[in-house]
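Residue numbering begins at 1 within each chain, and the chains themselves are lettered A, B, C and D in the order written.
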Amino acid sequence: MSSEQKFGAGIWHFATYVDRYATDGYGAPRTVVDAIELAGQVPDLSVVDLNYPFFGGDFTREDIKAALDAQGLEVIGITPEIYTRVFAKGSFTNPDPGVRELAHELITEAADVVRYFGADYVKLWPGQDGWDYPFQVDHGALWKNSIDGVGRLAAENPDLKFVIEYKPREPRVHMSYSSVARTLLGIEKIGLPNVGILLDFGHALFGGESPADSAQLAIDHGRLFGMDVNDNLRGWDDDMVAGTVHPIELFEFFYTLEKNNWKGVWQLDQFPFREDSVAAATSAIDFLKAVQRALAKLDFAAVQEAQDNHDAITALRLAQQALFTSY
Amino acid sequence: MSSEQKFGAGIWHFATYVDRYATDGYGAPRTVVDAIELAGQVPDLSVVDLNYPFFGGDFTREDIKAALDAQGLEVIGITPEIYTRVFAKGSFTNPDPGVRELAHELITEAADVVRYFGADYVKLWPGQDGWDYPFQVDHGALWKNSIDGVGRLAAENPDLKFVIEYKPREPRVHMSYSSVARTLLGIEKIGLPNVGILLDFGHALFGGESPADSAQLAIDHGRLFGMDVNDNLRGWDDDMVAGTVHPIELFEFFYTLEKNNWKGVWQLDQFPFREDSVAAATSAIDFLKAVQRALAKLDFAAVQEAQDNHDAITALRLAQQALFTSY
Amino acid sequence: MSSEQKFGAGIWHFATYVDRYATDGYGAPRTVVDAIELAGQVPDLSVVDLNYPFFGGDFTREDIKAALDAQGLEVIGITPEIYTRVFAKGSFTNPDPGVRELAHELITEAADVVRYFGADYVKLWPGQDGWDYPFQVDHGALWKNSIDGVGRLAAENPDLKFVIEYKPREPRVHMSYSSVARTLLGIEKIGLPNVGILLDFGHALFGGESPADSAQLAIDHGRLFGMDVNDNLRGWDDDMVAGTVHPIELFEFFYTLEKNNWKGVWQLDQFPFREDSVAAATSAIDFLKAVQRALAKLDFAAVQEAQDNHDAITALRLAQQALFTSY
Amino acid sequence: MSSEQKFGAGIWHFATYVDRYATDGYGAPRTVVDAIELAGQVPDLSVVDLNYPFFGGDFTREDIKAALDAQGLEVIGITPEIYTRVFAKGSFTNPDPGVRELAHELITEAADVVRYFGADYVKLWPGQDGWDYPFQVDHGALWKNSIDGVGRLAAENPDLKFVIEYKPREPRVHMSYSSVARTLLGIEKIGLPNVGILLDFGHALFGGESPADSAQLAIDHGRLFGMDVNDNLRGWDDDMVAGTVHPIELFEFFYTLEKNNWKGVWQLDQFPFREDSVAAATSAIDFLKAVQRALAKLDFAAVQEAQDNHDAITALRLAQQALFTSY
């Protein structure tokens, strides 16, 4: 954490969205290039995660690079879209081996895009991998496919990092990579150094985790390769603006990263369905900058001493004093 | 409950869906006419609820009537789509009075469609009416608009029934008509005889209610105008196949309707994202027919006696004996 | 809200607790007099709510009054213990009419204690009134008893106020007075002026409500007779220290009270199982005083304007600026 | 699964309970010997899990053995009470090393009791190990203590099995051993063969898991050492009677055990706060015997084929046909 801290966002933050009700979308469609232009309007934003294929048009890598350069944006990761129609019943765990192969091919292409942009990782978000109903799947076989699919990619691309973004559910009723511990268990089974976790603050909250604990666990396993933040009401992945519901737990999350000397981009994964996306990102980053100031002010030794006694009242008072005077 | 019990479904049961991930949809788009043809393949299904405007094409009322007649289907209700893009910030509660007027006009048109089909009611599902963030809205003003909007329609169309389908949330983080009690409170304030509740079994579960209690409360207020069923894991409106997760509470729900001599169509509100929609509806109705047989077998007097003592063990044993021998 | 704002607490805040695991208690037992002495150590605390009967010994009203006077404490309400063993199957809704009568007698005694102390209200927290299992109760009869029991008390004691503290559940799996709307619906049915709501911030959160909205609704019905605060993770009534998890929604709650010019004591309902109870109360009140300063700083007109547009980003920025600079 | 299937229960099923409201208990206190006598009245119950120390009096092992023999009951496990007052801030993770040592000593004693009774395992339920507030603990240190404490016991007692019963929360707001995956991750780190999981069906449900998946995962890691069942509403550990809310998922759970040829006692972990405990256990076992009959009837090959296609409708129809005709 320092003045040169980088801030980033998933490029979908600047797209428009559909859901099962507003099938005509919460706004006119935007191309990835439109989204990049909006991202460029957010002060302090310098890094993006890109969906692949590039949405909204027939763009080459070079087109995208030009658009990014025009906004002074770099690429941190590529997110292959392994959750669209063809993958509705799963990517790594699809019952059809042909579709599993399609997923492998798409991710392999995305790996090349990572190389092209000099990005940090391929981000795997296997949201369609899981189940909906009791009795629907053979749980042992499903989990084996989840692991084997990622393991094969990591083995074939030893020069690249793969990060898994877990989530309890949505769009499946149960997602296969559902929690920090489940994902680490899978990663340990894969046993390769280039597979890690992209920890989404809101997914941890949604899963009943304490995000600071999730971060510590992933760090202690040497697997915290990336992270992003947002907020929600703990019952769903609302992807709301960071800091609007759980500012203290967000502060604890960054405190944990800082204490472990974890370096990396502070990313946003927000879905501003009905909000101006530039304002939503700017507002979140303004809060994150308050968090930075609060971290600079926080007495880490005093917090540690309170924690050694499990003294919540003292620890929280220190945290509140730092955070609630730093906006 | 009897051999002539009618079964129905929302016509969207037979559509395909999009969500924020599978933006290309869980299957090729279908028109309402395609959906009607699929509905016609479900044995025992004789009634549908139709979205308005008619989706997927430029259909007249007469086109739809012909398609329904060909399948032997009747219309129970019309659901105006007050949750699409233009209504993203609300229909009755939109901050823009012009959009509120648009909602009024669309629902007024839907009322005429109800008259045309001789249907039972206009169904209001104001899913975009609510809020997402703390501090976002003036709660008093929002609730007043929720009530006034429905009240105006009911006053202008005294020959028709309007039913409100409440839900805790989705797509808004908080929906204005969120629970059975909140909705009844609003209806009592409106004070007109032609406004009632369409009770969705899954919405009640999702809201932490016991659906049987919700039904009893609505009945005791004279406001249970319709109902539909499905299932979920209590944490979201999963719209899964009825009877696959909570068969006992579903049985208690129908037990309550029967005990009160409530007559009406047993409808489905399911979203079979990845399932064959005809199979999903058929399977649900097969379970509902098992529920019918179980009700015929259940000793109502013995259940009542156990309930008079709050004796859960005895009451449940009676219920299990009836239901788990009736499939 | 002003310099003379009074702060209060349920006296149980200063007791010790048992649960189903630590059956020997989270600390040595304390009498109500011990608890009053601890309450007296909290700066700015001037008002308490007392359980009745007085716990931990054979105390007269005069004993308690002397103990309170010694600490400079006043009584805001009396909470009859209608949730102990004899009431395990309910107080107002117990299947045994003799037990319902016992509840009535105990509350009637509590009413006299209210008169003795010149307190504001009898607080009804019917935690054992509800059900656990499907099919266990006749929901119509249960709700009728819930209403009749309160109505009888209110009719017999027109000189006193009765406040109902609703909660979704615990110790019952479903509580009869479960939500703000359900409680208002019951109160409207009772139809007497001296029955209102004691709104617990954490119970509203736990029930999926937005506490600010709950407060507005109760105010608009003329029924917000009291309130208390605490915090939780929205999935249970954790009764944690106020402001430690949801500071922004707590701020919105007080903003709503202030906007409506609601006057009353700001009370705590916390259960510091493993914390020092004086420190836990002091820490919460320190946060509430920060909330006071933030309210004084907040631009109410600008918030209202943002809310008129449902502009969450602007409204939240104003709120964050006020609150996060006021600790 | 067969005619000689053994059924068991935690002996606390036959105790009475206190909670933070009914501090005088949901019934008169019972000794462990009283509880054993009640357990003896349940047809088909032949195995119990005993708390240690023996509750309600000063009983020797021999006293207990005599009481068990009189009822024809065997002991499957011993549950040391590492969650009472002295352990309120944790057993393995208590901030005070002296208390951690006390926990070690108590569990070591319990190990001897296991040997005395020829039981299967020491059951560890570290319900006080965890945290309540953000910033309260050093998550890395806490987890290390969780693992080290269990590892030390397992190393010192290689002749015995230790089973960890995980749960998301209660009495702590977050429990350290919170999920099946987290617990397996810890067990793998410990790296000893005599540490496994006691899988509680309700804890898995409460944690958002599919219990059948949890069982499969534990089996695939060679760590499913025991299990028990009950039911709840997924939002809390209600410890209700098995089969009263989630009969289909319970059936899937036993289907998974049977498919993997897992042998072991089918235990109950229920807390019948307001019910007759003999009736509650008998009713649950009657349902489990229906599950046995349904398993005998189920076409495993057809289910497997449906699962190979992720065909929920077909798989569930097979399951419903078997279960809902077997009561």
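Note that a contact is a pair of C-beta atoms (placed from the backbone, for glycine too) under 8 Å apart; a residue touches a chain by one contact, two chains touch by 3 or more.
Treat the numbers as computed from the prediction; the structure is a model and nothing was measured.
Considering every other chain in turn, the ones in contact with both chain B and chain C prove to be A, D. Considering every other chain in turn, the ones in contact with both chain A and chain D prove to be B, C. For the pairs A-C and A-B, the count of C-beta pairs in contact is higher at A-B. Here the repeat of B-C among C-D, A-D or B-D is A-D, since over half of its contact pairs match by residue number. When you average the Cα atoms of each chain and compare centres, the chain farthest from chain C turns out to be A. Separating the centre of chain A from that of chain B, both taken as means of CA atoms, is a distance of 35 Å.
Centroid to centroid, with C-alpha atoms defining each point, chain A and chain C lie 39 Å apart.
Across the assembly, chain B contributes 89, 132-134, 169, 208, 233, 235, 241, 244-245, 248-249, 274, 310, 312, 316 as residues in contact with two or more other chains.
By the touch criterion given at the top, residues 89-90, 95, 131-141, 143, 168-169, 174, 178-179, 181-182, 184-185, 188, 207-208, 210, 212-213, 216-217, 219-220, 248-249, 251-252, 255-256, 303-304, 306-312, 315-316, 318-319 of chain C touch chain B in their complex. Only residues 17-27, 83-85, 87-89, 127-128, 132-134, 169-171, 173, 233, 235-236, 238, 240-241, 244-245, 271, 273-274 of chain D touch chain C when the two sit together in their complex.
Interface residues of chain A facing chain C in the complex, by the touch rule stated above, are 208, 233-235, 241, 243-249, 274-276, 279-280, 283, 286-287, 290, 310, 312-313, 316-317, 320-321, 323-327.
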